[in-house]
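Shared between the two complexes below is chain A, which pairs with chain B and chain C, respectively.
Showing the complex of A and B:
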């Protein structure tokens, strides 16, 4: 990851009507960084992506991508970005290869090898099948490599692992990491905290069109609570549960005694998850419900 | 190069979805109908049919095409690609105009024209006009019923005056050339006496409708993905 800023967003406000939908959005993303937009449905993640990709142009403030203000996006701008929408955007009556060839033909620069891409996501054997015969997961994978076919510098991925089985989700995540290694800058829009923790260098929490917090997943987890140890034991026929902080465990005399007496029935350690931190900071669940 | 790719893509898309089969079917039905008529009546019917179907078919099929693209989120992929709204409109209009000209020529030889070249020009330009009308309505609707209702005014304004014009009302009145259908009819029959007026009329209409269609496609691009409030 380099220090070169690829995306620079300053004081962005946007509204579909009279009420502001995005408010006071500012952040920057470096070359080779995976940057996550996290938030519940309707929080403004996709709208922010539309601002960055030059679809919504009537915003206030500045949103510069690869040195181009996104409201001034033109053909050259779109040659350099790739977008994988949450939904498949493919010609159902065309085969996988025909879809790839068609979308590749819309770009003028160098292209990735279509067969290689199909092989990477396990669709090479299905390359000549019509997309209408594909499962949801197959369409998602094809949609993903469609965004890569023109070898863009910046990738916008919207819920890339949504609807995929664990095996295919892993293939997809490995491919995302490979793109990062090649120096591609990636914006990952998701409400899957596990994906965000695994993949993102930094994440921003977005709720109600506002940035609530921005940091690395590691810093979020470390700053908001230490790891805990929970153990259980039997006392006069009743199961007792005790929770201790991991960094204070040496001072837990009960635990020492129970170990000596071999009375522990279970013991687990657990760190707070990004999901816990999200709820703590924003007061919102990822399904969009407010905390009581 | 990209413009050619877009046009080629639209032709493939229309082929795969059976639009060309429908054109062939329409052609066959018309040929059977023409066989029942002779002389000048046949010529007038053929000219009207060349205008009403090959030329105007873009509008009929445009709704289906745009709605299919919307249902498969193709417009989302195009909105974030180097395909500009102008390319998008060009692809649709030219691809429909090409097939319209082919079908138009096959039909007109069943009747009469003084110039096949002018007839082809008329069908091409008229097809572009109707395609642009189709884009304007198609980008604003979300189902076929809305599209049919939305194109009704275009059909009434597009066809009724032309039929009246061709069967004899004000046939030599230059002011009628303001109507793109009447201008097309002049070209379809290969008439050169009001050629400049006919061509200017059609080109002006194309420019006006293109500007409107461009705004509509930009708005459609803006609405892809995310929430709509």
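Showing the complex of A and C:
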């Protein structure tokens, strides 16, 4: 990850009607960084992505991507960005390969090898099947590589693992990491805190169109409550459960004694999740409910 | 080849794969043949035989107008149906973030069919018209039916939410074109109800009205297209 700023957003306000929908959004993203928009449905994540990709142009403030103000986006701008919308946008009556060839033809620059991309997401054997016969997961994977076909510098991914089984979600996440290794800058919009924790260098919490906090997942987790160790053991035929803070574990004499006597029946550590921290900071659940 | 033309080429491919849309493209030519050969035949063999004489001759110009409108509206109708299908598939939204963008998409799906319909109109009118048409008549017919088709395409996309509704709206939007006949067939103040439609004023011009009616029609076309385009754009995004 370099220090070069690829995305620079300053004081962005946007509204669909009279009431502001996005308020006072400011952040910057460096080259090679995976930056996550985390928030419940309807929080404004996708709208912010629309502002950044030049779909919504009636915003106040400044949103510069690769040095271009997004409201002035033109052909060159779209040659350099790739967008993977949450819902697949594919020609159902075309085959996977035909879809890829069609979308690749819309770009003038160099293209990536379509067969290679299809292989990477496990669709090579299905390349000549019509997309209408594809499962939801297959469509999601094809939709994802469609955004990569012109080898863009910046990728906007909206819920890329939504609706995928664990195996396919892993394939997708591995590909996202590979793109990062190649130096691509990635904006990941998600309400899945596991994805955000695994993939993102930094995340911003967005609720009600406002930024509530911005930091690395690690810093969020470390700054909000220490990790805990929970262990169980049998005492006079009854299972006992003890919980200790990880940074005070050396002072836990019971644990030391139990280890010496080999009496521990289970032990595990737990850290607060990004989801816990999101709720703590924003007072909102990631499914959009208010914290009671 | 530009990306917009590639998109248009793909649209032609979609049309060729759907019998219904292919028929819509062929329909004006079939109607042209029927008008050219069927109407005089009908007149001589049927109407003459039953003693009605040449009653249709005085309406021959109107058949030419009808044919011109049919070309513009059918081609535009096809463009509108393709857009509806692509809205369903999420394609339109995606095109916004590709180099052709909104302008390229509009060009390939709405403007190109309109331009082609204009060329086809200008070519088939001299072939299938039952009367001699002047260059000015052909020019006005071509431009007005192209614009009429443009409005039809926008109406199909903005009013309907899927292809089935689009078919119904496409047929209904025929009213927009047939207002051309209102000043010819309606008498009394009722015909003024149709003054908001540009084709009404073209109809008045075709009956010997001044060029002022063409200017009114041009302004009304611009207003219709502007309003519908704004609604279209909202649906697009």
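Keep in mind that, in the parts below, the second predicted complex is superposed on the first by the 264 of 292 C-alpha atoms of A that agree within 3 Å, B and C clash if a C-alpha of one lies under 4 Å from a C-alpha of the other, contacts with A are read in each partner's own complex, and residues count from 1 in each chain.
What we mean here is this: a contact is a pair of C-beta atoms (placed from the backbone, for glycine too) under 8 Å apart; a residue touches a chain by one contact, two chains touch by 3 or more.
Model, not experiment: these values are computed from the prediction.
Please tell me, clash or fit, for chain B and chain C sharing chain A in the overlay.
On the superposed model, which is not a single observed complex, chain B and chain C clash.
Is A:221 touching anything from chain B or chain C once the two structures are fitted on A? First, second, both or neither.
Neither: A:221 stays clear of chain B and chain C.
Under the stated touch criterion, which partner chain does A:83 make contact with: chain B (first), chain C (second), both, or neither?
It touches chain B and chain C both.
Determine, under the contact definition given at the top, whether A:107 touches first (chain B), second (chain C), both, or neither.
After superposition on chain A, A:107 lies in contact with both partners, chain B and chain C.
Based on the superposed arrangement, let me know which partner A:91 touches: chain B (first), chain C (second), both, or neither?
both
Based on the superposed arrangement, let me know which partner A:42 touches: chain B (first), chain C (second), both, or neither?
A:42: touches chain B, not chain C.
Is A:22 touching the first partner chain B, the second partner chain C, both, or neither of them?
So A:22 meets neither chain B nor chain C here.
Looking only at contacts as defined up top, I'd like to know whether chain B or chain C touches more of chain A.
Between chain B and chain C, the winner on chain A residue contacts is B.
Using the touch definition from the top, say if A:75 reaches chain B (first), chain C (second), both or neither.
A:75 contacts both chain B and chain C.
Quick check on the superposed pair: does A:55 touch chain B, chain C, both, or neither? Answer first, second, both or neither.
both
Just to be sure I follow: which residues of chain A are touched by chain B in one complex and then by chain C in the other one?
The answer is residues 50, 53-56, 75, 78-79, 81, 83, 85, 87-93, 102-103, 105-108 of chain A.
Using the touch definition up top, name the residues of chain A that touch chain B in the complex.
16-17, 21, 42, 46-47, 49-50, 53-57, 75-76, 78-79, 81, 83, 85-94, 98, 102-103, 105-108, 146, 158
Show which residues of chain B lie in contact with chain A when the two form their complex.
Interface residues on chain B, with respect to chain A: 1-2, 5-6, 8-9, 12-13, 16-17, 72-74, 76-84, 221-222, 224-229.
Quick one: in the complex, what on chain A touches chain C?
50, 53-56, 74-75, 78-79, 81, 83, 85, 87-93, 102-103, 105-108
Within their complex, state which residues of chain C touch chain A.
Spelled out, the residues of chain C in touch with chain A are 3, 6-7, 10, 14, 17, 89-91, 93-101, 237.
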